[in-house]
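One chain, chain A, links the two complexes that follow: it is found with chain B in the first and with chain C in the second.
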Partner chain A sequence: MAVAEDNAPSEGRAPSPFWTIARRDSLAGFLFIAPQLVGIVTFVLIPLGLVFWYSLHEWNVLAGTFTYTGTQNYRMLVEDGSLVEVLGTTAVFSAGLVIFNMSLALLLAVLLNQKLAGITVFRTLFFSPVVVSLVAWTIVWGFLLQKNGGINGVLQVFGIEGPNWLRGEVTAMISVIAVQVFKNVGLNMVLFLAALQGVPNELYEAARIDGAPRFKQFRRITLPLISPTILLTSIITIVGSLQVFAQIAVLTQGGPGLSTTVLVYYLYQQAFQFHFFGYGSTLSILLFVIVAVLTFAQWQMRKRIVFHEN
Partner chain B sequence: MKNNKTLKSTLAALTLAALPLAGSAHADDAVNLRMTIWSANPAHLKLFNDISAGFEQQHPGVTVTYESLPYDTYMTALTTQIAGGNAPDMAWIFETAAYDFVNSGALYPLTDTLKATKGYNADELSATAAGRWTKDGTLYAYPFSTSPFGIFVNNDLIKAAGAKTPAELIAAGQWTWENAFATASAVGKTGKGGLIVRDFNYQAWQNLAAIWNGWGAAPWSADGKSCTMAEKPMVDALTTVHDAIFKQQAMPGPGETVDFFAGNAAMTITQISRASLLPKEKPFDWDLVPLPKGPAGEYALIGQAGVGVLAAGKHADLAARFVAYMTNPENSVKLSQFFPSARKSLLNAEVLKKTNPLLSQQQIDSVVISGIATGTVIPGHTGFAQLQQMVRSGLDALWQPEADVAGTLQKICGQIGPLLKR
Partner chain C sequence: MKTEIPPRLKLALYGLLCVLLIPFVFPTWWMVTSSVKPISDIFAFPPQLLPQSYDWSTYSRVFELQPFVRQYWNSAYIAALVTAGTMILSSMAGYAFARIRFPFANTIFMVVLLGLLIPSEVTIVPLFQMFLKAGMVNTHWPLILVPIFGAPSVFATFVMRQFFVTLPVELEEAARVDGLGRFKIFRKIALPLARPALASVAIFTFLHSWNLYLEPIVFLSSADKFTLPQALTQYVDAYGGPMWNIQLAAATLTALPVLIVFIIAQKQFVEGLAHTGLKG
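Moving on, here comes the complex of A and B:
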């Protein structure tokens, strides 16, 4: 109230100063977020604008030509026969990754949410791949997945002749999904574990008194209460699945055929291997739109799936 | 008056401030030429530094540096540098990418500089070797390495398998692909590797030219406009390769890793420069022989590497002079200890014996001299990276035990045909 009176213009009084408390607060706020804002503008918004600009051009790096072609690259996007297959592969990869990763992460979190001696060792063990170098992790898996590699060697001990993991269309897809899941499942597991530990014990006690079986407790108490974490992890995992590149580049190079060529790898090929930087930029815009739409859709669905949003 | 004083002070301050700038303008006269290469071999780098030291002595203020980029991603890294406005002054170029660089105008023409260099003797460069790097009579990159493919042999493994060694087959006039695969198969069935096409790895299919050239096959026509992969020579050649892999166990299958130089395979097709990989401890009885005769007769295959000057560079003329210096007759002799030269004067047994001490006179005659003189270069094409990827992707269907060879190749032609016609 006093502030309102101070700022109220009145006849015969000196004009109020420019730096009012509200303006100072705003400036302070802007200064606090300035470093982050500069980073986002420099490394996200400007590159995004440039990529859109490049997508309207044919850029021949070797010849040094940069020609405006309007919507030609976008028409090429529609006519690109391989793109349909690539999008299908991307969808299969993302779906497989999200389902496998989140189920396993939740299972591990539930199993490790026990008060047992040495449980921290197991938690650390499952989390440790997250901090391992991605390329080193993938190269090691590349050796293990060879036809005469470690995994088939183990299978052979049990009299099973393992498949040629990275050379079959289905097994190659399973392999790249599994390698990615085992690398990052620990992160989701920790998030789920934290959420599980936030569920009040009294609710379980009440459910037990009412005679609710374990699975029903999980479905009716645990899942609803950790639903915000499920939403968070699903957004992170889906967006992450659309950005997977190193595993594909190291393990399969998109093969056999196009069976593991996901959108990011395809745009890398177009831009950096075939030198079609304009078309590569157009594919980047497509990827951006897909990520934005999926994130927006998930965010909109939060009211249905997240308990606290009701 | 006061204003005058202020003006004078300001001018003095500006002059003082400009002094370091003048100094830096002078320092800018110093030029650094940067060359991207795909070798990180210390011996190679020492040789290049020795050569550039001579050039730097003749050109005070000029330095030459070498930037080693990883072999597998070399082209990607190079084009990214160019796209990012950080193009090197000079770059090594793969033979497969030669058409892209030569035809795009990315390279600075070298012919005039080479001819104007005293004692260069540009005419002795083999025309066959220079063909891929030349457009309209102008050389755009110098093929500093022209290296023939041969077959390194592990006689110990072959004898242990009770098969005939290539040397025995050559002596008997029976060195054909049929017999070569029979020997490889005998070793393959013992659990060791048979014949390895080095660096192929079921991806770099162009290296299979070392085999299919024996059938007179090629992926596309001589003018590069039409696909010839579905024609009989290629179908026959790849059927033989398919049988060698899946029926005869003569070649390690997809996903199998076997190292010849660790003593685990009977034979490997590779370039002679790989002789340096032969084991020094626990060596095996090795040999180097020419590629076997195919149904189309005798043949040879060569791999090349060129060095070009990027036209976009600020010092293209100076860089061209460095390339001329680096590849002059004197330095070509030095280079040929690692990179076989395309200069006719260096293609003799005496020079090659000196630069390849591991090889016998017979090996030099039959593989190196004959290979460089008669060999064709690994296939290449404008837009090769895209073609390579499409064919690789199509050939994946071939590397299955029950593959339909002719059908697969027909399908590949359907896919790359429109690209070739562009």
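Moving on, here comes the complex of A and C:
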């Protein structure tokens, strides 16, 4: 920052013919963005190039060999029977997470948008898991979800025999989705709440005069007006769901079988547990393509479904 | 939707909210109370909502089994550095992209935004190799440098840019006429006005660093280097089974301070996150 001051002549001096205002501005602009640009090149773009380069190689870390094998890793990708299952798991996990997260966030936002005494206390409490350390939150849930843990204890009080949540394929999936949703739904909730509060009251009044029932008001006024927020949060939530790692690592280690092994966890196992760096890199490319395609598709959808831009 | 609500509906709403609240509040309650139960009571039936007897020794075991103070410090100083660094870098870059006209500004902005498309998980393999070559594996450098300069900072820059775009230009033009340089305008005029946006950048950057898990377990291998999320999972017995009450005590020590800060400053937290950047 000090550099910016030294290099750009101060305005007090008589302006030299070279340092016009435009040139001075350009220099300042470059200096302001330089650290970030250098950082993106060093820690994002070069690694992205490298990961593609690695993906074309067979890389045995223990033997110290690094041989060019062209598209062999990509053929392996197609033939990898586990990967099919992993992608299925990832799809179920992400879809379940996004649907559950968005609908719960919307429900909570609508409820918290009512005129009730003490509503901010509720808002704070619903939001509080967002600030609880992720692994701490996951550990407590792991504890609650044990066969003889708190959840089954409560169920038993009502005479229900609970399952061993983390050991059944379906219940393990439900568990990891639920743990993640309850942790982070507060973020989407406050974004929706802000959007709801931005809907002009006159619209509802007009609708009431016309005799539109509440549900219709919600469908015809609220939803279209908050659709930009819905789109944005759904992009963030989907991309976020593809990055979920800690919860899986702590709760299920991807099990039972491969039933909760999402792509990021599989990538971690291949690269850092089995030391298949080449194949791990190929999986990274796959993850990148999925994120890029999903983001692009949702951005395109904006033109069709989002009612109002600005 | 803001109309007066009939009392009976009000009661139903409160009831619904309280039921919905259970999965959000109960885990934290259960974490704190179970951390002081003796090991024989933590799986007791019926579940004890309040401990029947107390065993505070779990908390001393937390510090005996691992260098927990050191690990706490690791997480805290890394998060503090990352937060400060990200605030400085993202506000400068965000300001430049919003305000200063320079060649290729839009192209560079698109390049930077690419970072949003490339989560750090995608580049973890080459990053590991790069830091290995630089002799920085099993140090905290990767956990500090990558978040400040890499993909996670892009979101912060985006939020700052969206904020500066909405600031009235007139404020700065007056200062330019008075002969202030770009950096001074940024420091003295734009930055003080950007406090709400900076606050939300600070909050999510801190939480992101505080919660980081994949990167620590990839980069760090010795217990005195561990960060808290990684340390919490290390309280296991000889068979690899979790020592629940000690894990919960460590989890409580990890979670409570941030939770308390949040409750004190909750208005800034929630509104900061809701009202900046993301709406644009």
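Basically, the second predicted complex is superposed on the first by the 276 of 310 C-alpha atoms of A that agree within 3 Å, B and C clash if a C-alpha of one lies under 4 Å from a C-alpha of the other, contacts with A are read in each partner's own complex, and residues count from 1 in each chain.
Simple rule for what comes next: a contact is a pair of C-beta atoms (placed from the backbone, for glycine too) under 8 Å apart; a residue touches a chain by one contact, two chains touch by 3 or more.
All figures in this text were calculated on a predicted structure; none of them were measured in a lab.
In the superposed model, A:68 lies in contact with neither chain B nor chain C. When the two structures are aligned on the shared chain, A:116 is found in touch with chain C, with no touch to chain B. In the superposition on chain A, A:134 makes contact with chain C only, not with chain B.
Using the contact criterion defined above for the overlaid structures, shared-chain residue A:287 touches chain C, although it does not reach chain B. In the superposition on chain A, A:182 makes contact with chain C only, while chain B stays out of contact range. For chain A, the partner with contacts to more residues, out of chain B and chain C, is C. In the superposed model, A:24 lies in contact with chain C only, and not with chain B. When the two structures are aligned on the shared chain, A:146 is found in touch with chain B and with chain C.
In the overlay built on the shared chain, the residue A:33 is in contact with chain C alone; chain B does not reach it.
Within the superposed three-chain model, A:299 lies out of touch with both chain B and chain C [touch as defined at top].
Overlaid on A, the two complexes show chain B and chain C touching the same residues of chain A, namely 143, 146, 148-149, 272, 277.
On the chain A side of its complex with chain B, the touching residues are 59-64, 143, 145-149, 164-167, 253-258, 269, 272-275, 277. On chain C, the positions that touch chain A within their shared complex are 1-5, 10, 13-14, 16-17, 20-21, 23-25, 27-28, 30-31, 34, 42-43, 45-47, 88-90, 92-93, 95-97, 100-103, 105, 108, 111-112, 114-119, 121-130, 145-146, 148-151, 153-154, 157, 179-183, 186, 207, 210-211, 213-214, 217-218, 228-230, 232-233, 242, 244, 247-248, 251-252, 254-255, 258-259, 261-263, 266, 269-270, 273-275, 278-279. Those residues of chain A that touch chain C in the shared complex are 1, 4-5, 8, 10-12, 22, 24-30, 32-33, 35-40, 42-48, 50-51, 54, 108, 110-111, 113-116, 122-137, 139-144, 146, 148-150, 153-154, 156-157, 178, 182, 186-187, 190-191, 193-196, 198, 201, 204, 214, 217-218, 222, 229, 232, 239, 242-243, 245-246, 249-250, 264, 267-268, 271-272, 277, 280-281, 284-285, 287-288, 291-292, 295.
Remark: chain B residues 75-76, 79-80, 82-83, 100-101, 104-106, 202-203, 253-257, 311-312, 383, 385-386, 389, 392-394, 396-397, 399-400 touch chain A in the complex.
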